[in-house]
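Read from first to last, the chains carry the letters A, B, C and D; within each, the first residue is number 1.
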């Protein structure tokens, strides 16, 4: 009986548990034994693992976080760490390791693949959506909806007080979340790291709106843009309006996964097990052109995923 | 100045308002005048309309239903009705009519197109997802999530009481909703009109589960399958278990649209206005292979959209 | 070391787990040993139980249902059943049994108290709110909000289609849920078993509304009123309008408890343990006049809790 | 015909619209004319108002914010401002002014009452719950649930990463929100301005938990406690753990009101109109001992509402 390992070495994302469940059950139905390594790479270094039988992954499809836990693990990044991890995989005859996570997790998997015969298969799961090779990552849709739900609430106050609100959303260095969230909440301005937006432009939009009788504004900004409190001051100074800042924070990372995040988790898992069965090595699965496919881990981690700037343009038109 | 009309002649779906807003604002930014006809075809027959300026469609992106209202309108289906509607379009120099709705709405648009020079552009918006030419309709993602959220609650009771629950979801004659919902809630069984499932098979699955220690089961069934109360009795008789029925009902049709339904509304609207500007006539816009494109209304209404039966197979494996 | 047992013998309600957790931890902090009997009375008959240490009840405060499960248990209602249960309590030296549930559960506890020296303490937890001795039961507030959230969605469709919707909510034979939900959603009509409402009156209200330009109506009806489909037909016949029926169903019973249901669970649990420590026997705890207090189980089960009919009057004024 | 004015002069709270609707409709049913002054006191200074007919307040029961808008209005606080406002009330023969808001709004009403014959009736609506004379304010229950829902999500990440999270909730200078939220999410520690908690105590609790195998902790802190980022550093330094901060922010102020906030709005409104009809002057309505009653505005604004410290004790026991 062949063995598949599962690991979630990076930040958690909603739908990771759905992916763990799906990999475990699909693999089981095809006669694999499934091991879950706990606390990320740490579990490979310290031999912390459990058997993931179909029953062991019951009742988790709807829960946020990762049942395998995760931990930042510095020693893994050394040669010895990699060596140790590779040995653990060998000891347990792990034929393939399914790495559920983002860019950082796949970099780890890539390094490990150089020292190990185990097939590394990446399943993209991060709310940031910044993985090349897939149009959407597990958790992204959930985080978008969590943020929308918060901003819909903030708009109540914004309208009642006729105020300007700056809402900072997650996304690390990238603007995928801010862009989708901004379009969906009808943000008057969206700021992302991929496209500089001068303060003069922002003031101009706000003043034009004000003349049209639109005193309220929601500015959605990606955390990667930075300097949010400076922005608050600048806008207050130029417009004379009350400006409020809200940093949505960690709630965006948790919660029950949406239908789409759960479905993606199931489809990615199926593809991952298929790749393992057909011995296609070291791939990241993904959704491209409406199809579940895969590319090499190496290509995924070495290519920057482009953001769709036309959405920014569209958002501008939509908030007139 | 050219004129675009907007109409929502069928059942409502979450995200219709986001689509109305997007069409109105994009069209306005390209120098169209925009008229909204109220209460579906009835508005074309009775001249009930309003100007949709950018301000008139403010504050609706997050609301369910349709601000233009809708009404079942028998007289429209007669030759005189069509004639009258065509005349109204002519009177107001409506160059293009954006029809937001499902299959039935597009059939009406097609009939009208035969008697009118106005370009008919369909934007698919129905929770049922049963429109050929698009992988997803506006409102589908929202309805899936509304149902998931209800079924996640039902599972609490199902587990506490170790009962079997049959949950009937919407979808008219098709199984798109049931299939996506079923996969996302981890349903033990999914019943759709497109694939017959014998009662013997259902009993077998339930008995196998019971032997594995899984007394609770969620059976998601599409309304198109019918005979739900017979099913309740049959299963109760064969298994000796308590079986409960829950028909999710109309709440699935309303509510705040999800991020995805709002985004789709915006993208479809942009495509619709583009088609109008480039004078491509009588099209239904849609998402295909990850791209926003369009096909002719005629083809859309005369082709049956296939359901992805491989998802049914996947769901089976996922609920072992 | 003294021993407290916990049991949930009736229908589940959101917040039951919060109550189990609170009883277990408070009791533990006061040096009790805590046993949870599983599957309701069945656990007392078959000796199915587990130790509820503080860790064993971790991570459940936010989950619906009951971690102790529940089962309808016919043999308990016989003399032998009661005898067997009393013996189990004796065998494990259970000084007090905390019974979390509604009326039916407390009737069982009362019968058992006649044959057992164990102190029976009832914690009212049912979405129906039909327990005398408390203004509010655990789970009621959650069910009210679940129903509101569904009806807010239904209103989107009702308004878009200018239809009349009849929404049947839970509550067994009583109207507490319907009344609170009806007021909160701004229902045009509320029907409860405690106050007859003639069809003529309903028609009159609908016609008056229609003349005022209010075509849409939401009629909230308690399941205890019965005959909902007849009502649909009657109203359709009299008004000529389209009338739709939605039975909210089991989703009302599950889901994450609201803050209020969780708080009530914690306060009731504290009172329950206090009663046990001061050896006040066979009580049901409750919220009365803003204070956590208790009355005898006997009085609770033999008194009908009155519904506040003035709310019905208020609702009428509020929907003009 | 007598006239009632309505005004919302302070921060918005969910359920304010339900209160406006209820006052307007109840007053209308008792033959009052109802005027809504817009943008808080500013509306009294500038004569910005609208007639609130029963239809004008339709469709708002479920919306957050205030349809009358609100504005910080410095000139009102001068003698001339008060004079001007009193004159406006006289000009429109406003017999009673219903002031919906918190402490600050009632202070304004009190000052105005000294210069005006108009009866001032306060309806407590603030998420902070810091109004003396009522156990609960409109909006409080909603804000508690919004925060709970966010923190339940944060706990997913906290558990997955075995981290300590500090979550700052609103409440201005008071701890009502933090206390109720903390109990409901099962916070390991709750910090409120009313009860000092030394850093040593916090560290001790965290270390004890850690020894019991509980690495994750949620610390709920009221914004009134201040210095949250210092706290993060201190705890990180002492425990060596990763500590994260999340400031929940403005989303707590908006959103659809819960059933309880809507019900309270309706009951408070009814009481307010009753007081006006029986000419009881200058009162704040409230919920006390389970009864809707009222006290004088003067007493309300000059008395500090006590926080229930026993809840803090209970929370400690519940998180063992």
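Just so it is clear, a contact is a pair of C-beta atoms (placed from the backbone, for glycine too) under 8 Å apart; a residue touches a chain by one contact, two chains touch by 3 or more.
What you are looking at is a predicted structure, and each value in this text was computed from that prediction instead of being measured.
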item	value
Touch-network distance, chain A to chain C, counted in steps	2
Averaged-CA centre spacing for the pair chain D and chain C, given as whole angstrom	28
Cα-centroid distance, chain A relative to chain D, in whole angstrom	35
Shared-contact residues (touching 2 or more other chains) in chain B	152, 155, 159
Which pairs of chains touch, using the document's own definition	A-B, A-D, B-C, C-D
Chain C residues touching chain D - in the complex, by the definition given at the top	21-22, 25-26, 28-29, 54-55, 58-59, 61-62, 135, 141, 144-145, 148-149, 152, 155, 159, 180-181, 183-186, 212-214, 256, 258-260, 262-263, 266-267, 270, 287-291, 314, 317-320
Touch list for chain B against partner chain C, complex	11-12, 14, 39, 63-66, 69-72, 146, 150-157, 159-162, 165, 242, 244, 246-255
